[in-house]
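In the two complexes that follow, subunit A is the common piece, with subunit B as its partner first and subunit C second.
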Partner chain A sequence: MSVKYIPVQWNPNKWKYNTIMLVSVFAYLWIFIELTPGIMANEGRINGQIHNARAFGSCAFFMLTVILCIGPLARLDNRFLPLLYNRRHFGVMTAFVALTHAGYILNWYFAFSSSSKYETLLFANTSFSQVAGFPFEIFGIFALLCLFALATTSHDFWLKFLTPRVWKRIHYLIYAAYISVVAHVSFGVLQDQQNHIFTITFMISALIVAVLHLMAALHERRHGDQMANLSDGWVEVCDISEMKEGFANIAMLANGERVAVYLQEGKLSAISNACAHQNGPLGEGKVIRCLVTCPWHGFQYNVTDGRSPAPFTEKVPTYNIRLEGDVVKVDPQANPPGTYVEPVPVKA
Partner chain B sequence: MNEAEAVFLFVKIWSAVGTVIALVFLTVGIDRIDEDARGAYVFRLLLIPGILFLWPLVIWRWMILETGRDRWLNRHKPPREAHFWVAVLFAVAIPAIMLLGLSQRQQWPSEFEPQQLSVEQGEIQ
Partner chain C sequence: MKENAPFFVGYLKIPAKLHGFLIKVSVIIFASFVAGAFLAGASQDDPGKAGFRFDFGRQKLKGVLEANPYPLLHVISGSDRIDAGQTIMLTAQGKSGIMTDTNALNGRVVEATGVIVRRGDLDMLQVLPGQRGIKPTNEASILPASEPLGRWRLQGEICDGKCLAGAMQPGRGLAHKACANLCLLGDIPPVFVSSKPVEGEEFLMVGGADGGMLPRELYHFVGQFVEIEANVERRGDLLVVLVEAENVKVIK
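Let's turn to the complex of A and B:
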């Protein structure tokens, strides 16, 4: 969390997550390079430099594929939420693997020219006007730049400095990077690939990413938060009978903001649904002793004043709340982050 | 100067400006706009690549925070609507790109026998 910036705040879950990730990456590279070099590589003779480039390139592609599956899987089924927990470390590792792939390529295909290898990379093929023989390297360069932008802004400082909204918009570059990688592979190694195992695996992986995103988008359209009704300047959230002790009901306001209304110890409180850290859905967290835990990264807030427990300093906006008969209503005007609002008791 | 050289000249200038911005921001600016950064120094090294790469963005946010124009409400509005359009884009672009790529594949002529044109060292032509 945010009590001074420490490079990485390790805990058992992060150790476990990163260990599984690193072991998987090394296992993949070992299998590709040492154990069964013929399975994924070209049937034709290739030297070690090209083989290593293909090992790291395909590894980066599969890592990116897994990263992009985590988001929609977590939206479809909250049992996948733990995979979100340390996804940024996964992304940074992917950028390093992709960079290693680029290094092997540069030091083989573009290294034996009188010009700089970096300049050679740009002018060796300039057939931009044709599909066959299109300079697919440009897609790889673009994807690598996107991954670099994401990796270099992965620290929590950037989230606070840029605001989660701007940070997330920058990190949407991962989608452009993935499409670019699909083009890089389709117009690159796939043109020469005689071994069908990689071709089929690549196509199935990319299609899984596309289908999962489509399923998650349709799921949100069907089961997403409903727009709350406005009456007398207050918005109706739900009937009190729909509320469950320790959990929230989420209402979407006309301006697109979401309010999480909690019932805890027989009293109602309302805070913003967007966590101050990465705008995770606070309304999907459980309240224990007045504290709700964000399901994405474990940030906690007191639901009565929207403040993280000391020594943490995060704050979220609160909302005034009232009970009219059995109808729970909130004031659509948010209070500044950290404003205490007296919880409204529910009559037994 | 060819296009590739021009691109790398641009990269060098961009990085040089970024280096100056990083130096000033990490020694002076960051303490003024983020209380959590005060007294914490090691993490600043991790920010250098990002500042070199995205320094216009750093200047923009730095100015907003310095002048007190940061609106707290904007920090709690996740751009969730983008998910739908990403899904549509993926559903269209990924299959289309893969099909276009596969349609360009060419078969090696079956009767063609590769010939070595270079001369091995020590071999008499």
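Let's turn to the complex of A and C:
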């Protein structure tokens, strides 16, 4: 959380995260570029530019794979949430690793002719109507453009400027980028492979991403929030016995929005489940020092008015709440973000 | 969320209960990248022994130049690396052939200076720019007659001759198709790599059925495993296959 935009809000955990990721990436590149040529018992030597292009290209693919695994892993097991925290940093690193791959390709395969390398990239192969020999470079270009669109808009300034809803939709491009990279590799280097170790590694990686997303979707279906019942214009959230001090119960409204109902200091309050930062699930957060804390990036809100503590300015909608017997009910009509609602005491 | 579950907040200290788990995850991520690098890096296919032979030094050859379908030199006076009587394909630097320079020199004796690009018994001479590369002489010459070898059905791959000879390693296949097309657009001689020897040769220069350059529509077949039915000729000690677009089909 910040009251002004700065390039990166460093903290010790960010340093640790970035160090681990950077060390892993540098290890990958160093082993691929420097060590493996000595291991291969090849008669001929692969051109340095092609070898480097493969190192950076395959590294970008594995980085993207890790990035896409973090989301579903965090849905399946909360302990993975720290990896989600600074995933954007890893995404920006990926964009630059992919750009280096593109640079090697462009300055090798598409250079040395009388035309501009940017033009030759587009006209050298125009076999768009065939599968074998399809200009797979086009998939790589698309993926790179997506990665840079995401890297460029990764800062919180763009999140606020575009609104979380639009920003989130733009950032779903990561899936288009990944599918495009899979196509780029499948129609490209895999077509010529005699040694299938990379092919198998590549397929397993892509399969892990697909299976994890499937598992997360199934988990969401089984354990996700159920549509709340409506009675007398109010929705039933849960029985009061299901509420735990400092935690929330979540209800899904007919319009698809979710309400997080908190029990704090013996009183009930209801706010939107979507964090104003990135739509993180506030109902899965925890009350720390009287403020509900988003599990994704630690944004905090007062549950009575949906406002972040001063000097922060984030606000989420609140909901009117009442207790009918033992049933906790909320008004499905949200109050404007930041509206104070008197907490409802729970009788002992 | 469970009551006792550790709750991570980025700007606070990591909960003690999460320490061990996060250390394990970090080790797994690092180990995955290390393993991935070894698996991807060490399993690359062997591109074969080929490349520019700068170690042979600059070659100065004299011979009769044949311009079509692509420039060849029938060597009269060779070097310690290229024997007299050998026929060698010619190319310019980068992704450019020397067609514009050689059309007027068809059938004349020239001095060709450059560096050899070699893969097995496939040789190509990359000549220096301008008159330093191809210098016409006034010596009388007779262009050796081509010897028709009949119609053949061949299977193999159409490549650009220069990358195949070793200018790029690897320099063939579908991943290299755009680069190969670009070389061919630059008038670098295409070469057919036959899956079975033709008159003892694995590499054949490719031209169009009209005796000219490779038809543009055949660029779509570059890098693929194809079957072609075409006339084959011997030019000096080099075989040339003259292909019609309609007689090429993809095998796999």
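By definition in this document, the second predicted complex is superposed on the first by the 337 of 348 C-alpha atoms of A that agree within 3 Å, B and C clash if a C-alpha of one lies under 4 Å from a C-alpha of the other, contacts with A are read in each partner's own complex, and residues count from 1 in each chain.
By our rule, a residue touches a chain if its C-beta (ideal position, glycine included) is under 8 Å from a C-beta of that chain, and two chains touch if they have at least 3 such contacts.
Note that the coordinates shown come from a computational prediction; the quantities given were computed from them, not determined experimentally.
Trainee: Which partner does A:132 contact after superposing on A: first (subunit B), second (subunit C), both, neither?
Mentor: both
Trainee: Check whether A:149 is in contact with subunit B, with subunit C, with both or with neither, and answer first, second, both or neither.
Mentor: After superposing on A, A:149 lies in contact with subunit B but is clear of subunit C.
Trainee: After lining up the shared chain so the two structures overlap, which partner does A:35 touch, if you call subunit B first and subunit C second: first, second, both or neither?
Mentor: Second partner only.
Trainee: Quick check on the superposed pair: does A:336 touch subunit B, subunit C, both, or neither? Answer first, second, both or neither.
Mentor: first
Trainee: In the overlay, answer first, second, both or neither for which of subunit B and subunit C A:240 touches.
Mentor: After superposing on A, A:240 lies clear of both subunit B and subunit C.
Trainee: Classify the contacts of A:191 with the two partner chains as first (subunit B alone), second (subunit C alone), both, or neither.
Mentor: Once the two structures are laid over each other on A, A:191 reaches both partners.
Trainee: Which of the two partners, first being subunit B and second being subunit C, lies in contact with A:298: first, second, both, or neither?
Mentor: A:298 sits against subunit C, while subunit B stays out of touch.
Trainee: Determine, under the contact definition given at the top, whether A:346 touches first (subunit B), second (subunit C), both, or neither.
Mentor: neither
Trainee: Once the two structures are fitted together, what part of subunit A is touched by subunit B and by subunit C alike?
Mentor: In the superposed arrangement, which is not itself an observed complex, subunit A uses residues 120, 132, 187, 191 for both subunit B and subunit C.
Trainee: Can you check the complex and tell me which residues of subunit C touch subunit A?
Mentor: Per the touch definition, subunit C meets subunit A at residues 1, 3, 5-12, 14, 18, 21-22, 25-26, 29-30, 32-34, 36-51, 93-96, 168-170, 173-179, 181-182, 185-186, 219-224, 250, 252.
Trainee: Would you mind writing out the residues of subunit B in touch with subunit A in their complex?
Mentor: 2-5, 7-8, 33-37, 39-40, 42-43, 46-47, 49-50, 53-54, 57, 61, 65, 70, 72-79, 81-84, 86-91, 93-95, 97-98, 100-102, 104-106
Trainee: Any idea which subunit A residues touch subunit C in the complex?
Mentor: Those residues of subunit A that touch subunit C are 1, 11, 13-14, 20-21, 23-25, 27-33, 35-37, 39-40, 42-47, 50-51, 54-55, 58-59, 62, 66, 78-83, 85-86, 108-110, 112-114, 120-121, 124-125, 127, 130, 132-133, 135-137, 187-189, 191-195, 197-198, 201, 244, 246-247, 284-286, 288, 293, 295, 297-298.
Trainee: Can you list the residues on subunit A that touch subunit B in the complex?
Mentor: Touch list, subunit A to subunit B: 2-7, 75, 115-116, 118-120, 122-123, 131-132, 148-149, 151-153, 155, 157-158, 160-166, 168-170, 172, 175, 178-179, 182-183, 185-187, 190-191, 203, 206-207, 209-211, 213-214, 216-218, 220-221, 256-257, 272, 274, 276, 279, 313, 316-317, 334, 336-337.
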